Each structure stands twice: as structure tokens, then as C-alpha cells.
Amino acid sequence: MMLEELCEEVWKCSLELPKNDLVKMTSGNVSGRDPETNLVVIKPSGYKYEDLTPADLVVVDLEGNVLEGHLKPSTDTATHLYVYRHRSDVFGMAHTHSPYASIFAALGEPIRPCLTACAMLGGEVPLGGYVSVGGEGIGKEIVEKIGHSLAIIMQNHGVFTIGSSASVATKMAVEVEDIAKITYFATLRGEPIWLTPDQVAEMANVYTNVYGQR
Amino acid sequence: MMLEELCEEVWKCSLELPKNDLVKMTSGNVSGRDPETNLVVIKPSGYKYEDLTPADLVVVDLEGNVLEGHLKPSTDTATHLYVYRHRSDVFGMAHTHSPYASIFAALGEPIRPCLTACAMLGGEVPLGGYVSVGGEGIGKEIVEKIGHSLAIIMQNHGVFTIGSSASVATKMAVEVEDIAKITYFATLRGEPIWLTPDQVAEMANVYTNVYGQR
Amino acid sequence: MMLEELCEEVWKCSLELPKNDLVKMTSGNVSGRDPETNLVVIKPSGYKYEDLTPADLVVVDLEGNVLEGHLKPSTDTATHLYVYRHRSDVFGMAHTHSPYASIFAALGEPIRPCLTACAMLGGEVPLGGYVSVGGEGIGKEIVEKIGHSLAIIMQNHGVFTIGSSASVATKMAVEVEDIAKITYFATLRGEPIWLTPDQVAEMANVYTNVYGQR
Amino acid sequence: MMLEELCEEVWKCSLELPKNDLVKMTSGNVSGRDPETNLVVIKPSGYKYEDLTPADLVVVDLEGNVLEGHLKPSTDTATHLYVYRHRSDVFGMAHTHSPYASIFAALGEPIRPCLTACAMLGGEVPLGGYVSVGGEGIGKEIVEKIGHSLAIIMQNHGVFTIGSSASVATKMAVEVEDIAKITYFATLRGEPIWLTPDQVAEMANVYTNVYGQR
């Protein structure tokens, strides 16, 4: 099997999605890009997570040619590949219809930062406009709108996250849903105390340079 | 045992209901119709999911005669059978009181589409009026109101889903709850950006012709 | 061990409370009354559910004398016993601070019926006034206010359910929380379509005489 | 291994956080202070709960010197130590971004008591102001504002709890989230019936002197 280690990582990340209540049944997907070959490992289309094994993942090149796999790759493959081609810093992506992030998608709103944890995502989670599913249109919208954020709300659709690996992108999918839930309920009751850009920057520095094990 | 494979499928589908938090204790039910014999396999009435085995399921004909099973069939059996008799395209049904769909039932409202995932259900989830439980009245209301949707909200009651198999109907029961949750919270905060019929149709085409494995 | 079978039932019912997200850590309790001896089996006070075994349950008589058990009985024991002494039809009780029922407790409101499932509880879930914890005061309030309902909201406190067995009372604790959640969210958005007394009565008849296995 | 028993307790408490849906991925932490040596056992920084073993915990003295452990201690270590140095009655602490408590953090509001269970925390859960993460600033704010409460909301951040042991602090982290959820939803619908200080004091007496096993 090609890219065995990356397949293992993308598979483990895929299982984090249902485990963290971000997806139901077959929706959502994770991919990872191999830094050496630029090949991408992605979830097969419409496949139940509980049936998924590392061997079910599909290996494609950046143009979308299937190099390995007995299943059809995710409907969002062209979108993942577009992002990988245009963002050389991105080596992992995740996509979900996680419920609280999707509320912002339905309302057509970004998620403004009112929690220190938002700095992990880069502050405000921007909003991408409505784009049809299937081609690379969503990828274009992501590249145009995501900026320095690690997550983006796609109007009427759901959320996409990016990162330096499939694991980071998956962690961001968990974080954005957690933050979306708290922010949604706070705005439902009143006006949250929004963080200033300086507060976000200071906290982002903690997450980047102090937090975690090296 | 008759229809062993169908019993297995209906049993697995039944277990999906509590697993996806759609039912508590004994409520809800799933049925499946055998395409060759037109016999229907359905959950026994008021039976706890954790005690359920494939052998506990009840086999009935389209007129409601019990052909196999040591337990009384679901109180909603006449409703399932009415739908099967009047919708030759339906081979599976599910019924739940899943909480977010039931909010729409309590308010007497359909679920308008504001998410691409709604296209999987056929767009707007219609509302059926209040009907007493027990006879085939709910079945009549479903056939009259469900149209091309795969789900219907029954006022003051809960939700019914249909499909080309018990598995499809069960998946729709999961989807409708997910969509109900997001749509409920979006409307609680403001006015969602509703999808146009064209957007729903375009997305439905993706789900039918592109999404998933063939 | 005395009342082995009843201890087993009360223990199993106790475990249903955390399993159905009705309690956290040590809160809540279940009891059952033996129809032959009138002895009552009840959960020990402030005891973690995951540590609980049938042998940890406490056997008391209707006056509160501990007849068996190495632990102190629930702080609510006097309340359970008061209800058993004044309601000869009650053989099981459950108490929780389940979150959605507790919202009604905090607001000081009964739960009006807007779902067919409400008929299982007897229609409207009444409200009991604020009573200090510890003595039999809550029991008196329950007996005075619960009427023909199987559940009662206790202001600023939580919910108590009764039934013909510990299992029935426990099932009602699950039902009341489910109904509280749906009703809370429906009233948050608008005015639910309330059921008429006739509709509740008709549905109660289904639950009593048609639903379930005999 | 030093302080083996305390490491075991802090480890078990740490696992309660994800189990009770108080944390996701790596966020949050628990610590415990040994009454004899004043040494503190704390979670390593940015470490996934599912990978955590008792041997991964870090032992520090009250000045923050790492005495044992192969990992970097939590970013909040200085805050925990500040509290331990200034509150001789505190032997355990927990910190989470649990969602409902975090709504109050985002809105900058304390949690007023409207449930008997609030007395377990000491009544109102106070609000601490915005403080940068990383140094002992949060610890100072906790000591200044927490008073006789066992929990404090930290603005734009999350919640900290204290107690006579890591286990008590962890239990309080579970309780404060439960209470935050109910109180949030009650205030969203209307004005809860707030408890008077006398009612809180009376109920606190029950929790201290009557409730639980001695």
C-alpha cells in the first residue's frame, strides 16, 4: 500500500469526526497531503465511518487522477486538491456539516472571536459564499476567503478546516464546532464581549509558542 | 425464519435509532418491505431496543395479518402498511419522536431548506396534520402530504421517513433530525438564507448521480 | 440479602439515569416498594452510579428504619416514604435534576402537553412549590400536587416521577426529560399547538390499552 | 514514582473531563496538591486525554520547579500554584472550557443561583475579569474574586474550580456545567425564580452536613 502512514493518519482522523459528533452516517471527509510526493489521501464518497478501514482510502494526485483505491473518492476531492495546489502550507483538510458551525452557514455569518480558544483558529472564522457542490468551486472560494484562518464557514453548507497536517485540520474541525456552539448561544442571549485583535494575537502567540509539547 | 435477510436489516436499522439519539426506551419503529413477496417486517410494539433481536421482529402481510412472530407488532403497523399499499416505490419506513424534528411537530411547521444536505430529503420536509395514533389515519395523511419528500413532520407527534429500503429510510431519519436541529437554531436567531428550488434541484442531482459508491 | 429481586430492579433502574443523561456524578435516586412487605429499596446518599452495586442499596420500612444496608440512604428517603404511605398505587419513584425538566423548575412552570407522548405521563406535568430538601416536605408537596400525573416539577429543584414499579417510574423520568426538551425549545420559538384534554385522553387510552406487549 | 496515589487521583479526575463532555481534544486540566509535601501533580500541556497515563503527569513544587515528569506541565501551572500558595484550604483544581459555563464567560456574567444544586458550589458563581493566559495572572484574579465559591467564570475564557481535593474540584467542574446549562436556558426564556441567600445557606447545610456518606 502506498503512503501507509498517511493512510493510517487520515483514517484515524476520519474516525474522530463521528466520535466528536461532527458528522452523521456518511457525511464529511478528511484528507492529507504527503509532503514528499504531493499525493493526497482522501475518504471515499458517501462511505459509512464505521465501515471505513485504512485500505478504503483513495490516493489521488494533485490533478485528481486516482492512483490507488478500490472506491470512488469524496465528491469534495476537486475542492481539496484546489486548496492544496494554491496553498503550499496546507497538508491536511477536513470538512463537516457539524451542527453549530452549520447554523452560521445557514444564517450566512462568520464566527467572531469571543473566547481565548478562538485564537487557535486564527481569530474570526470567515464566511465563504454559496457555491455548488461537486467541482472545485468550493476550493476557489476557500482559497479566496480563508486568509490566515484555519477554518471557514461555507454558506448554506457547512465548514472546512485546513492545517499543517490531517491531524491539525481535524483538531480544528473539533475546535470550530465547540466555539460555534458557545458563540451561537452567547449571541442568542445578548452581545458577547468580543476579543480585540490584540487579544487574539497575544493568545495566538501562546498557542503557537508556549502551549503543548515540542 | 422467513425473510431472514430483511429481518437482519430491519433489526440493524432499529438499533441505529437509539445509537443516533433519535429514540428513548421503546419509542419509534422501523419496517421494511420484501420486494418479492410484499411481506413487511416491523418492530414489535413498546419493545426496548436493547432487548431486541432479529427473531423478535414481526412479519405481516399488507393487510396486517401476522404471519410470523411471537410478539404484537408496532401500534403504527396499519400506518406503515397503508403507505406500502399506496406507494409502490417505498420499501422501508422509519418513525421517531426525535427531539428537534418534534419541535417542528409541536409548532406545526414544515422544515424549509437552508442547507445543501436538505436536498437529500427532497428539499422542504412537509407537515402532516394532527391524526390519532393507532389506525391507518397517519398513513393516509403521509400519502396525501409527503409528495416527493422522504420525510414528513406529523403535527404534535413526531416524524416519519420513507425510502427505497429500511436502510435508506433510517438514514433519512438521522438526516432529518440533523437538519431540524440546525434549522431550528438558525430560525431562533434570525432568518436563514433559504435555498431556492433550483439550488435544491441542483444539489439533489449531486446526491442522486454523483455522491456515494455505485 | 432481603428483597433480592427488587434490589436488582432498583439497581438496574439507577443505572438508567446516567445512561440517559438524567444525572451527573451522584445526584438523583430511584426507589421501589415491595408489594408484599411494604419495604422500600432505595439508593444510598451521594453515591456515584458507577460504583453502585445491588448490595449497596438500602432497605428501609415505611417509617424510615434501616433494615438492611451498610450505607446511609438517600437524603430524599423521607420524601419517597411519605409518597408510598399516601399513595397505595405507587410502587416506584425516581428523582433527577435532568437539565430540561430543571429549566421548568427554575422558571417555576408546569409542562403543558403539546406532544402525543405527553399522554404517557398523564398530560400536563404539574408544578410543586419550593420546599426545603431533607425532610418529608417534598413528599407532602408531591402528594398534594401530582394528581393523576406520573411526574411533577419541583420548583428550583428538579423532577420526581412515580409509577406502578421502579421501572415504570424510571421510564417516566426518561420521558419527562425528552418532553421537557422539545416543549422548552418549541415555546422558545413560538406558541406550540397545545393538545386538548380530549386528545390527551384518547392518546392515554392508546398507551394504556393498545401500546406495548401484555 | 513520587506521589503515586495523588498521580492516580489526578489521572482519574482528568479522564472525568472528556467523559462528562467538559473538554475536547487537549483543552482543560486538573491538579492536586499533596497535603504533606505541598507538591502539586498537574496535567502536561496540550496533551490528549486518551493518551494520558498517570506517569505522564508532572510533579512541581509551589514555585513551579519540575521535580518529576518527562513532559512540560500545563500552561496554566503558574495559575494553579498561585491559588495553592494563597488558599491553604485548596488541595485540588480543575479548569475547562465547558460549553455552557463558557457562554457566561463570553457574555461576561456570573451564574446566579436558581437551583438547589447551586448550593453545592456555594451559591452564585462569580465572574473574574479578562486576564492573559500563561502567567499567574489568572491565579491572582481567581484568589481575588472567587470568595467562598468553589467555581469561577473567567471572562472570554472558561471556568476554574477548586476544592479540598482534585476529586472535589473535578466534581465541581461537572456541577458548574450542569447548572450553567439549566440557568442559561432558563434566562433565555424568562426570569428564573432566583434563590434567596437564606435558601442557599439552608441547602448548603444539607450538602455539608447531611448529604453523602461519611
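All chains are identified by letter, namely A, B, C and D, in their written order; residue positions are counted from 1 within each chain.
Just so it is clear, contacts are C-beta pairs under 8 Å (C-beta built on N, C-alpha and C of every residue); 3 or more make two chains touch, one makes a residue touch a chain.
Note that the structure is a prediction, hence the values are computed from the model and not measured.
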Turn needed to bring chain A onto chain D - CA fit, degrees, nearest 5: 90
Centre-of-Cα separation between chain B and chain A, whole angstrom: 31
Centroid spacing, where centroids are CA-atom means, of chain B and chain D in whole angstrom: 44
Interface hub residues of chain B, defined as touching at least two other chains: 188
Topology of the chain contact graph, where touching chains are joined (line, ring, star, complete, other): ring
Chain D-touching residues of chain A, taken from the complex the two chains share: 20, 114-117, 171, 174-175, 178, 181-183, 185-186, 188-193, 195, 199, 202-203, 206, 210-214
Complex contacts: residues of chain D adjacent to chain A: 24-27, 44-47, 71-72, 75, 97, 99-100, 102-103, 105-108, 130, 132-134, 155-158, 184, 187-188
